[in-house]
Amino acid sequence: MKHSVDLSKYQIRTDLAIESIKDIKNISKEKIEENIKITNVVVDDKVSSLINKKKGNYITIEFDDVTDSSNYEKVKKVFVRELNNLLNLLKIDKKASCLIIGLGNSKSTPDSLGPLTINNIIVTNHLFELDELSDEYRRVSVLVPGVMGQTGLETSDVISSIVDKFKPDFIILIDALASQSIERVNKTIQMTDTGIHPGSGIGNSRKEISYETLNIPCIAIGVPTVVDAITIVSDTINYMHKHYTYSKLNINNPLNKLMAYSPNYLKEKIELNKKDKETLLGIVGTLEEEEIKQLLFEVLSPIGYNMMVTPKEVDFLIEKLSNLIGNGLNEALHNI
Amino acid sequence: MKHSVDLSKYQIRTDLAIESIKDIKNISKEKIEENIKITNVVVDDKVSSLINKKKGNYITIEFDDVTDSSNYEKVKKVFVRELNNLLNLLKIDKKASCLIIGLGNSKSTPDSLGPLTINNIIVTNHLFELDELSDEYRRVSVLVPGVMGQTGLETSDVISSIVDKFKPDFIILIDALASQSIERVNKTIQMTDTGIHPGSGIGNSRKEISYETLNIPCIAIGVPTVVDAITIVSDTINYMHKHYTYSKLNINNPLNKLMAYSPNYLKEKIELNKKDKETLLGIVGTLEEEEIKQLLFEVLSPIGYNMMVTPKEVDFLIEKLSNLIGNGLNEALHNI
Amino acid sequence: MKHSVDLSKYQIRTDLAIESIKDIKNISKEKIEENIKITNVVVDDKVSSLINKKKGNYITIEFDDVTDSSNYEKVKKVFVRELNNLLNLLKIDKKASCLIIGLGNSKSTPDSLGPLTINNIIVTNHLFELDELSDEYRRVSVLVPGVMGQTGLETSDVISSIVDKFKPDFIILIDALASQSIERVNKTIQMTDTGIHPGSGIGNSRKEISYETLNIPCIAIGVPTVVDAITIVSDTINYMHKHYTYSKLNINNPLNKLMAYSPNYLKEKIELNKKDKETLLGIVGTLEEEEIKQLLFEVLSPIGYNMMVTPKEVDFLIEKLSNLIGNGLNEALHNI
Amino acid sequence: MKHSVDLSKYQIRTDLAIESIKDIKNISKEKIEENIKITNVVVDDKVSSLINKKKGNYITIEFDDVTDSSNYEKVKKVFVRELNNLLNLLKIDKKASCLIIGLGNSKSTPDSLGPLTINNIIVTNHLFELDELSDEYRRVSVLVPGVMGQTGLETSDVISSIVDKFKPDFIILIDALASQSIERVNKTIQMTDTGIHPGSGIGNSRKEISYETLNIPCIAIGVPTVVDAITIVSDTINYMHKHYTYSKLNINNPLNKLMAYSPNYLKEKIELNKKDKETLLGIVGTLEEEEIKQLLFEVLSPIGYNMMVTPKEVDFLIEKLSNLIGNGLNEALHNI
């Protein structure tokens, strides 16, 4: 079986950086605080060429559940601190003016993270003219450019025209992302100073939104809110492999018989081997991860490839996350 | 009693042109079709200096009720025809590209006419790159710039930066207006080629959105959706005068005793005289309309002057009107 | 001029009790805490017959601005305390189950207070079956019955059928009210144990929602969110009178010349006299308040009597108030 | 590998009847009109015992795309006709009063089909008291009971209490369903006279909403708007099998090399054999469909089993479908 599929069409809007670099441990620093995992990755020129990721800083905050109010506060605290660190690293002045941009489609729930976040921002730019604000506040303005399918306008061009006119000192972009892993959906916030590539504009440098195109620092903040059908199937194939090996090893473990649905198998460190995978999954078991994804792309295309996977509670989760990011931005940007 | 109030603060965002010129009959043409009144006013240089209205064409469509579906269709038909006439008058080519701008605050119901209208527009601009459209379609893109209180950005600057970047051949602005008369709220559509003055930017030419500032034709379409408290009181004072005179004249009319609440008094032509007004209303009855408004401004300011008057069904009416204007624009702009 | 108008048609859905009883000082207790005025009125049988108000407890909380977050917290604290007092007065047990009912039309902003409040309630009733909750929680369920114009069903019948089936120990009704005074709109919360009369069902005991009809305690919580056009005009006539007298008395006060729009006139205690009113307002100035309202009803009916007056920021204010009441109910009902 | 999983927990809210009976061809009648497939199934006592489906009529309308306006009209026409047929079959009188119930959670997009449909219904019940309607209209009222997680109240009990009080002659329930097949999501409308089993109330006859529990005809109308993660993986495994066999057979077909992603494989009739499946998929290839689902349930449970799959355009599709069903109900129920 040969796959000559042009994979570039299959690439997802914005990958989580952490997914590309999980094996390059020596460039990333990890810490865990109260069940929140923070990963800092610095991609320099050398690493950049290896992993097809832009040079820059990538911060990833992974957590379990923001619907719990105590956990919400903890995640927000980490978010504010990490954002402040990034602002310092970029030498952004306390008085530098900021334009916050909510990307995505406000009419599609999983894509509405950006526009919803904007609703929570304390906007001050126009009040500076009136000299009405105390020193604690920074100049902040916001923009919700919509998506090209709604507006007919290329989003990056909308942004660059507004930046040219209003000349903010830096911008922050908020966007919903596609994840390449089921487990991270709505449970990760990524921050980076590399900007972003909106829509399908991959490989098209004209569409990039970044320091290179706008000449001001561009911080991008993203949350993976969907995975696509290919990811869920290919992840499940890997889980099946692990589950199979785990079951073989623990077939006589009496604890296991007590516990429904082997809830442990994912948490255990299990040595996997190729032979098991082939026994369990035949030819499919012999394929590399990328080959499986190519195969799935071919198989799923005819039935309409635009399926996405979201948790049932997506409306509620997006609301919480946009609230957390909006309030976190207020704390980090204003001195309140 | 003297009133030295600075009345400029009291001016309303965008007056209906028809209200300023109701007495200058010789420059306006009126026709009535199936209970819809269409008024065409051409303000030339001479008239412009008299009535403080910009030189240009003003078309006003007055109707009773767009919640009735048969009336909705009639009003839409008139709207499409009048808009087409205006496009022809301005020599706008069938293939000229159009940017439609929905002004106002989507989060405040009576101010959401512009953003809601945009939801109904058939957007085509991005599809022209793909060469996917038949000849019936014109290039149309849309923009919802928000209001300065939400975005921190001066709305007219947002618009001019987008116009500079995307270079549409003409723009159409949709906005909710304040009316100076109770009777016209949600029952009038005004079209003009003079553009508009958003927000409180009166007397400030920098904020104008017009041919003069953008160098392309600027059509403004507005619906009065609110009246303020001053208008409702001063209108009511006039109604009291008319009602009083009517009652005096008809005090022995037996028909009137049968009809509750003298529903006729507004429809009759009654000659009003100053003496009656003074008898009925004392000192207040001796004031000119503008003096009454100044007095009311002084009286109402301390209790919070930001009251607005809307019909109870405002949410429903705004939805219908934005639907009518959106679909009307689609018909007029595209050849469908 | 005689007015034989049937005034019953003009009556407003639910008056604020405080407006009917402002002159009966000896039955009401007032206190002011940090600019929040709390009025407790106990209407007994004797008073009830005098003022056409049902026997029961009426608590009114008057405040300035809930969009200020510090004031929001103060008002919420007062609300929780007063509600707890009322629950104690009614001897409602800490474990008694509660059905909270959000009255009004979720699709009409000023009428959506009830449904929006429900969105903020911590609902627990169904979790009791699972025995999953700690002792701090009470059984709480909610209902949004809609309005008859939407559902086709008489609202009080919907409620009584649900109460019969689920047998809550008491109910709390949340509703937007019409005010008879401009100054109180969105600045008052009223609580009472007398239940309510939804819709236009005045004088129709079958539609009442109360202890008498349901056999369980019925607490009603209301906020005036609209005034009608008649109220705004008749209030303004009174303000004109006061403003006129104030201006006469202070005509040479140099302070007044410095201050624009005599902002003080409403705060001063001024002795008003009938003569001034007649001089200022002619015949209208000779009428009693109720006569003026009758006249205005007659005058305004032909132009469509369904105008309502709301502040420009009504969408934002209703959101804040529904949030305050929802969270206040959670604190008072659950032990959290 | 043995699976002792209790499968009852895995059952989905409301299956599409057509999926259970696809192999029992002799009880179903199929026709195709302008690319719309209509399947009528009558389940009698004998069939009922075989397929675990309630005795009754099941009508399924399958279509491609309701966002195309010409197709929208065709599907609506079929929907109205089939609903009228069902009403006739049930001998429901032209004047019989109807309560339409929108099930599901209005705050979760894929579950909001029921509440959104209700927004489009012409409600008349309350107008009959006023004798204001012409003979073309039937008494129609509506109810949006919410879901137990929001209200704390068992939905079927809310419905039965309203039915007891208002005594409609029959009810129509609208609900979003889970599909057991990716291909049918948002592309199928099912109608049945067997009522439904809301929420997790499987095996609990008290929760059923049907003629048996309410003593009036209960028509249920559903659209599958989600598939769960297990379905998407198990469907994909079947597609891989088919794709593998197709590829083997067509390996030298030059046409295939021209066409990207073998778009044809799903449309061809291909004879599948077990040997191929085992070669391709190892042990997994030897399992029966139900065994694979059991395995997937075990594998996916630890990572949170509440994933659902929806098309990216779900918000837009649900709006169109609720519009179609709402307007279709108006045409079928009223004589308009």
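The first chain written gets the first letter, and so on, giving A, B, C and D; residue counts start at 1 in each chain.
Keep this in mind: contacts are C-beta pairs under 8 Å (C-beta built on N, C-alpha and C of every residue); 3 or more make two chains touch, one makes a residue touch a chain.
Quick caveat, the model's predicted, so the values are computed rather than measured.
Least step count on the touch graph, subunit A to subunit C: 2. C-beta contact counts were set side by side for B-C and C-D; B-C has more. Subunit D has its Cα centroid 47 Å from the Cα centroid of subunit B. Taking the mean of the C-alpha atoms as each chain's centre, subunit B and subunit C sit 34 Å apart.
Centre-to-centre spacing of subunit C and subunit D amounts to 45 Å, using the average Cα coordinate of each chain.
Counting partner chains per residue, subunit B has no residue touching two or more of them.
Taken as a graph of touching chains, this assembly forms a single closed ring in which every chain touches exactly two others.
Residues of subunit A that touch subunit B in their complex: 123-127, 139-144, 146, 148-154, 157-158, 160-162, 164-166. Looking at the complex, you find that subunit D touches subunit A at residues 1, 5-6, 107-109, 111, 182-183, 226, 229, 232-233, 236, 239-240, 243-244, 247, 260-267, 278-285, 295-304, 306-316.
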